[in-house]
Amino acid sequence: MFAGTLIFALINSFILILLAIGFNLTFGISGVANFAYGALYIMSAYMSWTLLNLLHLPFWASAAISIVFTMIAGAVMYRFVLLRVRGQALSEVIATFGIGLSILELFRYMGLVGFEYTLPVFWNESFMIAGVYVDIQRIAVVVIGLMLVVGLWLFTHFTSTGLAFRGIAQDERTALTFGIDSDRMATLSVSFGAGLAAIAATIIIPLGSIAPNEGYDVLIKALAICIIGGLGSTGGVIVAGFIIGFAERFTDTYIGSHWTMIVSLAAILLVLAIKPSGLFGHQKELEERI
Amino acid sequence: MKKRRERIDRGIKARSEDVYALSSWREMLYLAGPRLLPAAAFLLLPLFLGVYWQKVMISVAVFALLAISWNMLAQTGMISLGQALFFGMGAYVSGILNFYLGIPPWLTIPAATVLGGTLCTLILMPVLRLRGIYFSMVTLIIPLMLVRIIEATKIFGGTEGLSGMTPLPSGLTEVYLVTGVFLGVLFGLRRLMETDYGLVLKGIRDNDRSVTNAGIDIFWFKTQALFIASTIGAFAGAFMTHVYMFVGMPVFALDYSILPIAAAVVGGSGTLAGAALGAVMLVPLSEALRGIGGLRIVMYGLFLVVFIVAIPEGLFDYIQRKYHQMERWVEIDQ
Amino acid sequence: MSLPTTLQVENICKIFGRVAAVDHLSCEVRRGELLGIIGPNGSGKTTLVNLISGYVKPTSGRILYNGQDITRIAPHKIVCMGISRTFQMVRPFYQLPAYKNMIIPLYSPRIRQLAGGKYGDRNAVALDLLEEVGFERDAHVAYKPAGTLPQGYLKRLELAKAIALSPDLLILDELFSGLSLAEVASIVPVIEKLRLAGKTIIMIEHRLKELFRIADRIMVLNYGQKIAEGASAEVMESEEVKKAYLGSEE
C-alpha cells in the first residue's frame, strides 16, 4: 500500500504542477493574475471534445487546434481587455475574473455536464508497478509534466523570447531600454499561460470529465499551489506541487478522503502565517519598490 | 471647427458649498435631497409593498451591505473576490449559536456579527502584509475550500445544513432591521471615509510608502479596515440565517461574492453610495430575470468586464456629475 | 565636538545579490549637525538612507539612534522615534489638494502623542507648514491638486511632509535634484531655519555648491565605502575623491 500511495502521490503532484504552472508563468512575467485561467482550461477541453465528436477529427489534431485556439484566446483577452486597464490591479483582477465567470457559467447554462463529456485517454492500457496498476495516461502525466518543466527551463534560459520574458520579469523598465516590447511580451505571457492550461487539460481531462465546476477547481488548485510556493516562482510551484500532492494522497490513504481539502487549507493558512509571501516568494512588503 | 465639451458647476452647487446653503430652502433641498429621498424611500416603501417585494428589499439591503463592505476594502486597496467568506462566516456563527445553544436572534445576530468579523479578520490578517493580488487570491479560494470541508467532514449539518432557526418576529421587523442597518452603515461609513482617518485608509491604497513614511503602521490600519468590512458582511450573513431559518453550504457560494462586486463596479467602485446604487439596480433586475436562470451570472460577469474597462468610474459618478454640473460644447481656439 | 551623538552607524553592510551596495560603512552624526553625503551615482547613498530609515534591513552591522539599536525596527516605528526622511522620487497623492497631502503625516501617532491627544484643526496646521516651505498663501497654491503642481512645489511638499512629523533627525534624499537655481535658493533658507531650531540633518546631494555652503561636514561614498570625510573644502582636495569624481562632474 505504501509503494502504491507513493506512486499515486507522485502522479498527483505532477497534476498539480501542470495545473499551476501556466498561471504562475503569466504572473511571473507580466504580473497579470489571470483569474480566467480555469475557464480557459475548460474551454480548451470542450473545444477538443467538439472537434473530436462532432467534426470527427483525429484526437491529436483536435487537441492541437484547441491548444492553439486557447493561446489565441489568451492573447485576444490581453489585447482587447487587459491592455486597457494595465497596471490597475483592481481592474485587472475584476476583468479576468468576470471573463472566466462568464465563460464557465455559459457552459453550465448550456448544460454541458455529464460523463460523455470527456476526452479519450492516449492508450487504454495499464502497467503493474510495485504491486499497483497504473494506467498509461497517469504515466503520461508524469512524463509530460517533467518535459514541460524542463522545456520551460530551456525556453527561458536559451531562447531570445524566453530571455526577454525573464528580463521583463526582473525589471520592466530596464528591459524597455533594451528594446524589449513589454506589451508584446505580456501578450505572449498570457497566451503561453493559456496554452499551458490547454495542454494540462488535454492530458488531465481524460482522467475525469469536463464540467464547469472543474474550472473553479482548477483555479483553486492553481492559486493554492502559487500561494504556497510563492507567486511567480517556478521552483516554488514544483516544491508546493510535491508538498500538496503528497500530503493529499497520504491523508487520503491513511486518514480519510474528506480530509484532503482540510490539509490543503491548513497548508495555505500555515504558510501564510509563517511566510506570507510563500516558500519561494519574493514579494516583500516594501523593499523592492524603494 | 473643433469643439470640446466643457463642464461647469451649476450655480446652485457653488452657492450651496458656501454659507448661503442655509439661507434658502432651495439650496438646502439641493443638498439634502439626494440623501433624504433614497433614505425615505427605503423607510416608507416596506409599508406599501407585498410580502414578495419586501423579500426583494431585504435582498437589496443585504447585497448593498456586502457591496459597501467590498467597496470599503477596495478603497483601502484590498480587492476581495470572496465576500461570501464574510457572509458565510456570520451566517454559520449565528446558525451554530442558535441551533446548538438555543440563543435567541437578538443575541446571535450581534454576537455573530462581531465574532464572524473577528474570525475573518484573523484568517486574512497574514495576507495584509503583502501587497497586490494575494488578498484577492486568498479571499477567492478560502470560501470555496470551506464549502468542500463542510461537505466532506459533514460538520454543522454537512450538505444538509442546519435548519429550524428561530425566525425574527415579523416580516416588517426583518425589513426594518436590515434597511436600518444598511442606511446607518452607508451614511456612517461615508462620514468615516471623509474624516482624516478615512484619508489615511485611502492613502494606503494610493501610495503605501508615503503612509509608512508618515510613521503610520499600514498593517494595523488595513487590519482595522478589514475588520470593519468583514463585520458588515458578517452581519448580513447572521441576519439572513434567521430570515431563511436555515444555514448551509450555499452561504459560501460564489453568488455572494459576485453580485456584490458587480453591484460595486456597476454603481461605481470609488464611492460607497455607488455600491449601494448598484445593489438597488442589480438585485431587482436579477429577480426580474429569474427566468433565464444561470445566464444571470454570465450577465454579471459581462457587466464586470464592460464596466471596469469602459466605465470604470461607474454610474453613481455619472449621475453625480449630471446633478452638479452642466455641459456644453465650446469651440477650441486654434 | 563635545555634542552627543545622534546617529551612529556601525560597520554596516548591505548586499544585493552579489553586489555590496553599502560595504562595511561606519559613520556618526552629532546633535544639531548638518552632514552632507556625496558620491557618484550608485555609490550607496540612497541605500544608506534606506538602511537608516528601516526600509532595507542590513546584511550585517547595526545602527544606533540616541544610543538605541534601531537596526531591526520597522520603518513606521523609526519615524515615530523622530527620524523622518524625504524620497528622491516624489509620489504625492495626485488627486488630493496639496494641503490634504499633509494630513497623513499630521495623523501619525508621533504627532498625536506630541500634541497630547487633541490635535485641533489639521487643515490649518497643514496650511501653516506649507507656507513655511514656500507655498505662497495668497496664491492659493496649497489648494491645488498635487498632480497639477510643478516639480519645485512637489519637492517642497515632500519637505513639508517630513517637517510635519516634527523630527529630531531629518534626512533629505536629493531634495535639490530637478530644481532650478532659483528654487534651490528659496529652499536653502528653510533648511537653515531648521538648523537654527536645533534639528540634526543629513543631506544627500548632487548639487555640491549649494550643499557645501550649508553643510558642517561632508562624507564621500564610492562603491558603498567611505572614501573621505571632513569639512567641505578639504574633502574635495582628497586624491581619492578626485579620482571618483574625475570626468563626471565638478
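For clarity, chains are labelled A, B and C in written order, and residue numbers in each chain start from 1.
One rule holds for everything that comes next: a contact is a pair of C-beta atoms (placed from the backbone, for glycine too) under 8 Å apart; a residue touches a chain by one contact, two chains touch by 3 or more.
Given the structure is predicted, the values throughout are model-derived calculations rather than measurements.
Counting C-beta pairs in contact, the chain pair with the largest number is A-B. Centroid distances built from C-alpha atoms place A farthest away from chain C.
Centres computed as Cα averages put chain B at a distance of 42 Å from chain C. A straight line joining the Cα centres of chain A and chain C is 46 Å long. Chain centres here are Cα means. That of chain A falls 32 Å from that of chain B. Counting partner chains per residue, chain B has residues 209, 212 touching two or more of them. For chain C, residues that reach two or more other chains under the stated contact definition are 75.
Shared interface positions of chain A, i.e. residues touching 2 or more other chains, are given as 286, 290. Across the complex, chain B meets chain C through its residues 196-197, 199-200, 203, 206-207, 209-218.
The touching residues of chain C, when paired with chain B in their complex, are 53, 74-77, 79-80, 84-85, 87, 91-93, 96, 100, 103-111, 122, 161, 165. Residues of chain A that touch chain B in their complex: 31, 33, 35, 81, 84-85, 88-91, 93-95, 97-103, 105-106, 108-109, 216, 219-220, 223-224, 226-227, 231, 257-262, 264-265, 268-269, 272-273, 276-277, 283, 285-286, 289-290. Per the touch definition, chain B reaches chain A in the complex via residues 74, 79, 81, 123, 126-127, 129-134, 136-138, 140-142, 144-146, 148-149, 151-154, 208-209, 212, 254, 258, 261, 265, 269, 293-295, 297-298, 300-305, 308-309, 312.
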